[in-house]
Amino acid sequence: MIKVSVIGATGYAGAELLSILQRHPQVEIAHITSESHTGKKIAELYPHLNGIYNLTLESLQDIQEIGMDSDFIFIALPHGHAMDVGKMLEIFPVRIIDLGADYRFDNTEIYEQWYGVKHTHKNAPRVYGLAEIYREDIRTAKIIGNAGCFTTASILALAPLVRHRLIEFDSIIIDAASGVSGAGRSPKLGNHFPELYDNFKAYNVAHHRHTPEIEQVLENLGGEKIVLNFTPHLVPMSRGILATCYAKIKENVTASTIDAAFSKMYGNEKFIRLLGRGAYPETKFVRGSNYCDIGWHIDERTNRVIVLSAIDNLVKGAAGQAVQNLNIAAGFEESTALDIVPFYP
Amino acid sequence: MIKVSVIGATGYAGAELLSILQRHPQVEIAHITSESHTGKKIAELYPHLNGIYNLTLESLQDIQEIGMDSDFIFIALPHGHAMDVGKMLEIFPVRIIDLGADYRFDNTEIYEQWYGVKHTHKNAPRVYGLAEIYREDIRTAKIIGNAGCFTTASILALAPLVRHRLIEFDSIIIDAASGVSGAGRSPKLGNHFPELYDNFKAYNVAHHRHTPEIEQVLENLGGEKIVLNFTPHLVPMSRGILATCYAKIKENVTASTIDAAFSKMYGNEKFIRLLGRGAYPETKFVRGSNYCDIGWHIDERTNRVIVLSAIDNLVKGAAGQAVQNLNIAAGFEESTALDIVPFYP
Amino acid sequence: MIKVSVIGATGYAGAELLSILQRHPQVEIAHITSESHTGKKIAELYPHLNGIYNLTLESLQDIQEIGMDSDFIFIALPHGHAMDVGKMLEIFPVRIIDLGADYRFDNTEIYEQWYGVKHTHKNAPRVYGLAEIYREDIRTAKIIGNAGCFTTASILALAPLVRHRLIEFDSIIIDAASGVSGAGRSPKLGNHFPELYDNFKAYNVAHHRHTPEIEQVLENLGGEKIVLNFTPHLVPMSRGILATCYAKIKENVTASTIDAAFSKMYGNEKFIRLLGRGAYPETKFVRGSNYCDIGWHIDERTNRVIVLSAIDNLVKGAAGQAVQNLNIAAGFEESTALDIVPFYP
Amino acid sequence: MIKVSVIGATGYAGAELLSILQRHPQVEIAHITSESHTGKKIAELYPHLNGIYNLTLESLQDIQEIGMDSDFIFIALPHGHAMDVGKMLEIFPVRIIDLGADYRFDNTEIYEQWYGVKHTHKNAPRVYGLAEIYREDIRTAKIIGNAGCFTTASILALAPLVRHRLIEFDSIIIDAASGVSGAGRSPKLGNHFPELYDNFKAYNVAHHRHTPEIEQVLENLGGEKIVLNFTPHLVPMSRGILATCYAKIKENVTASTIDAAFSKMYGNEKFIRLLGRGAYPETKFVRGSNYCDIGWHIDERTNRVIVLSAIDNLVKGAAGQAVQNLNIAAGFEESTALDIVPFYP
């Protein structure tokens, strides 16, 4: 039995964490915090948690007590805030799983350039929190920079092809779409119901911050500099990400080689369901679960491979992944609390 | 450990049953059936179940074997079909939980009149499967007629007021709305996406079949003949029922008497969350869970009480209720597999 | 050719007005105003108007010039603000159509009580802007208090039954549901996309401000004090209102008398489509149009009549109605610019 | 005043045609047909048309009479059926606008290969019905093969870049998404409301039939063979298409050259709104209208241009385009009946 705390518990990712941890037999919630709602019960903000959690939101000002009182701390704050918390907790034995971007980059200059924020914890002992690729590093990490939502879907789709160098690295295009919960719980015009309903749009073309994150991991796998296009879209739905990834197939690479690359890399992964060549993942087939469903298609006319991957942005793209990382880091069975049947229909 | 089977596993209620039973530590699925998809794997029809269930759909023709091989059988067939199955299983020790209407009526003439079908199992040893009202009877029942979706929301909203005779029985109006999953998985024009999107409508005004079911239970509680209005509406969403119930408050009945009636009846019920007087249940606060959330309002201008209740039509309104009934009947902890955090947002 | 101005053009009702007026051959837009966006082009706020309107938003501070420069002024401000504008314009020959509540009440005390605002223009020469009932008064009115959205649907559904005294006045219950555009364009948590999607709820039970407005008009028609229940619900869709209205039928009133009451009152109304007894209006069948579709049902078990009416809340419930009132007041053909085919699917 | 008929009036494109033609002062509807609903009134199938059209559906068997009685015939039948109608009408002076694929291909072998149907009217005197590119040919055409929905959005997005040879032709990738009305009105599981709600998916990857249609037109413009990737997605909404188009920018091509290409080609086009470089079209900004909104982005990291275009699939993608073609062919003002304000919100 370990004690965990959630810093920034009132966003969607924080609330999802609480939902998942309710299923976890080896975890006890020690503290949850919110600066804007300190003193309130969590169920006042999230009535669906009525009768399930009686926790009171505390303030980050007590971070050192929280640190001493916790084995693991999840941070679900906007980027730029987690590193301050991380530094303050450096001397405590507590381990950190940050759901934001602060600890995702090997090269903090890239972080500073894309996020426009000075990085104040550059030498942090951190690993990238995507278990299917960095599982061994996660086991012992002090700080885990939980992978982003679009990045998880994109990396998992492309990793086998990049690792085995089956595609032209300069030909990668990722066209992705997300439900609106990915934009957080703060109301704004763009996410106001009547504006978004029966509407579809792209945003942040050519400069979305998940771009360098995807590139970093693919470069690690492929052993070369990779520059790619990533385009996010907003779907008038609540949950889910679908990434549609394009790349030129290298000469002499066959369809069965591509199939084998997926099987080899993910054949034993519990949370990756390989639907196979010619298959179509749908976001609803993974909704609410920690699964990443993957299908791929080969276009012989253009010699491109198109990989489709679907995740729930709040689960495998955030809170589920964080619990998966916790399980690995704490030495629990990796799927504890994550054996969730997708919510359908 | 008991063995259960699901007859008619390919409708939404059947699939939801499988989802819930996956969490049940004391239940093993013995058989699942479908006449139109015999021989297929369940995940071919419901890809969200990929990697979770490897079950093959069998045919009802083997019902006797299935009966011998099961401790409990859930029937999720359209009305008119369960009673045939029920009769065939009469001699086996297996117990039945029917999610349809065949075993819901004390007076099968009412069934015949509203459903337009001859009842062929009139003397069946049955109870009405709404645990909050008939828990004791459910414990030992051979056949449980699981309460309907609209009926569950409506009865739970009104039961305390009727039992304590706080309202005029001839003044009851129930105005309810449901998500589209309540209409089943068979495609038809009325439920075709573009037709229903950005659309709202009433249907079956004055003759919906849940009307006599609600009346039957309220009559049992109130000790008098009750004739009421029930109007269903279709909401362009997937899941959820909200019932808005109106009734004239009897003379000299005070607000606090009404409050007390709710507390008294439901104070210890695990799946009923009394939000209180002046509160607003929302379907999303119970989505995916077995909860029924209830709030009530008193209009002093008209001397009416308005009770609002929200459920997930496929959980507390179908499969969750069925598992709750199973738990009671099998002697398990009533909330086993049902401690589901509502799926939000 | 007349000149009209729109005060408060940046809400949904204001934008809808502009959409409709673009079709009007006898109307020229003189001024549009917005205090928070003064100086901006309307298409900056509503990109769908790109290339259609090149108007610049002005400030209300120039109201006297606007008044002198306009034949008609539409006011689409939050309640409490129109009466100040109305007073300032009293001495100008301009006529006013207010889309808010300030000029809807015969008895301003009722307004003050329900809206919690002091009425500062009590002796205003005003009429209630619902053409099907007050057409003659509208022709010459100085100020028209355009009927509200829920009120339009509710009054039109019940008016024939009240006018002909076919129902028990103390038995009226109106259960209505609206799309989210009715709540305006200001983002807030309750209308944030992920919160509302796949969600349904009631609000303002027993104290919604459209209640006294409905009562006022029905009292005028029925010649008696009427106190009724009105309950609004929020539907996860953008547009549309459906009102489901219940009342006890008076003794000896037959179905055909009820049918006749509807035909008599609305037989020649261009914007009311009587679908008939047993019919089901759907909000999508009137979406984008100025129609009010009406169907009714008689429940012989409870002796109640249930009337269903559907409108588009922004058209017949706001901007379309305002243009209909303009046409009447300006002496144009009543349906000018309003011969809109509903937007389907 | 001309007489037009609609063959296959009961699909969504047919119904949209009727909606638009109601606004057309120079058009009278002569006949509408449906084989499955012969003899019914159109408003029985589409209640939103109640009181607007009193037309009765006839049978195609009377095609010759219909031909003699019409100046123009719109065909809105599934592919493979229009060519039979076209042949039968060859000898009549009537002109044809086919909303399906039968008359879209210069090379009918490509049609046969992608559609799997023998082309029976190969020598038909036809033009491709996309006014912004083939306006002059449309004026006098006997048969107009109205451009497809995805193709319209895709071609209009890429045409200026291809015509001026600013991009590498072998680098084109089109990632597009459509609302569900694009799939027609026939109910099927994939478009059943609960299946699609809160869901997003790709389909027909690498083999959607709009691919060769896009290639044909771009080849005509670019003067070279073009093979590209086109991937459609399904969005849980009713209307709208967004195409996100990627291509490598040729060496020495600057951003301002790209800007100029768009302005030059579309500067005077009434239905194309150039939102400009860095802009984001949204499907809702064009919903219900004949507009195509276009924005483009240059990614200097990858040297790709990303063009975004949005249309309403049933208007500029089908019925609106057809009326635009009619106006050109009949010598009317091109925007007659098409000056529709987008339907927002």
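Letters A, B, C and D name the chains as they come in the text, with residue numbers starting at 1 for each one.
Rule of thumb we're sticking to: a residue touches a chain if its C-beta (ideal position, glycine included) is under 8 Å from a C-beta of that chain, and two chains touch if they have at least 3 such contacts.
The model shown is predicted, which means the values in this text are computed figures rather than measured ones.
Novice: Would you mind working out whether subunit B and subunit C touch using mostly the same residue numbers, over half shared, or mostly different ones?
Specialist: same
Novice: Let me spell it out: compute each chain's centre from its C-alpha atoms, then which one is farthest from subunit D's centre?
Specialist: In terms of C-alpha centroids, the chain at the greatest distance from subunit D is B.
Novice: Distance from the CA centroid of subunit B to that of subunit C, rounded to the nearest Å?
Specialist: 39
Novice: How many angstrom lie between the centres of subunit C and subunit D, each centre taken as the mean Cα position?
Specialist: Those two chain centres are 37 Å apart.
Novice: Could you put a whole-Å number on the gap between the CA centroids of subunit A and subunit C?
Specialist: 46
Novice: Can you list every residue of subunit C that touches 2 or more other chains, as numbers and ranges?
Specialist: Within subunit C, the residues that touch at least two other chains are 12, 179, 181, 185, 194-195, 197-198, 236-239, 282, 284, 287, 345.
Novice: What residues on subunit B touch subunit D, complex-wise?
Specialist: Residue list for subunit B touching subunit D: 12, 179-181, 185-189, 191-198, 236-239.
Novice: Going by the contact rule set out above, which residues of subunit A touch subunit D in the complex?
Specialist: 170, 173, 175, 177, 179, 194-195, 197-203, 205-206, 227-229, 231, 233, 235-240, 242, 244, 246, 280-284, 287, 297-302, 304, 306, 308, 310, 345
Novice: Could you please specify the touching residues of subunit C with respect to subunit D in the complex?
Specialist: 12, 15, 18-19, 22-23, 46-52, 181, 185, 197-198, 238-239, 273, 275, 282, 284-289, 291, 293, 339, 341-345
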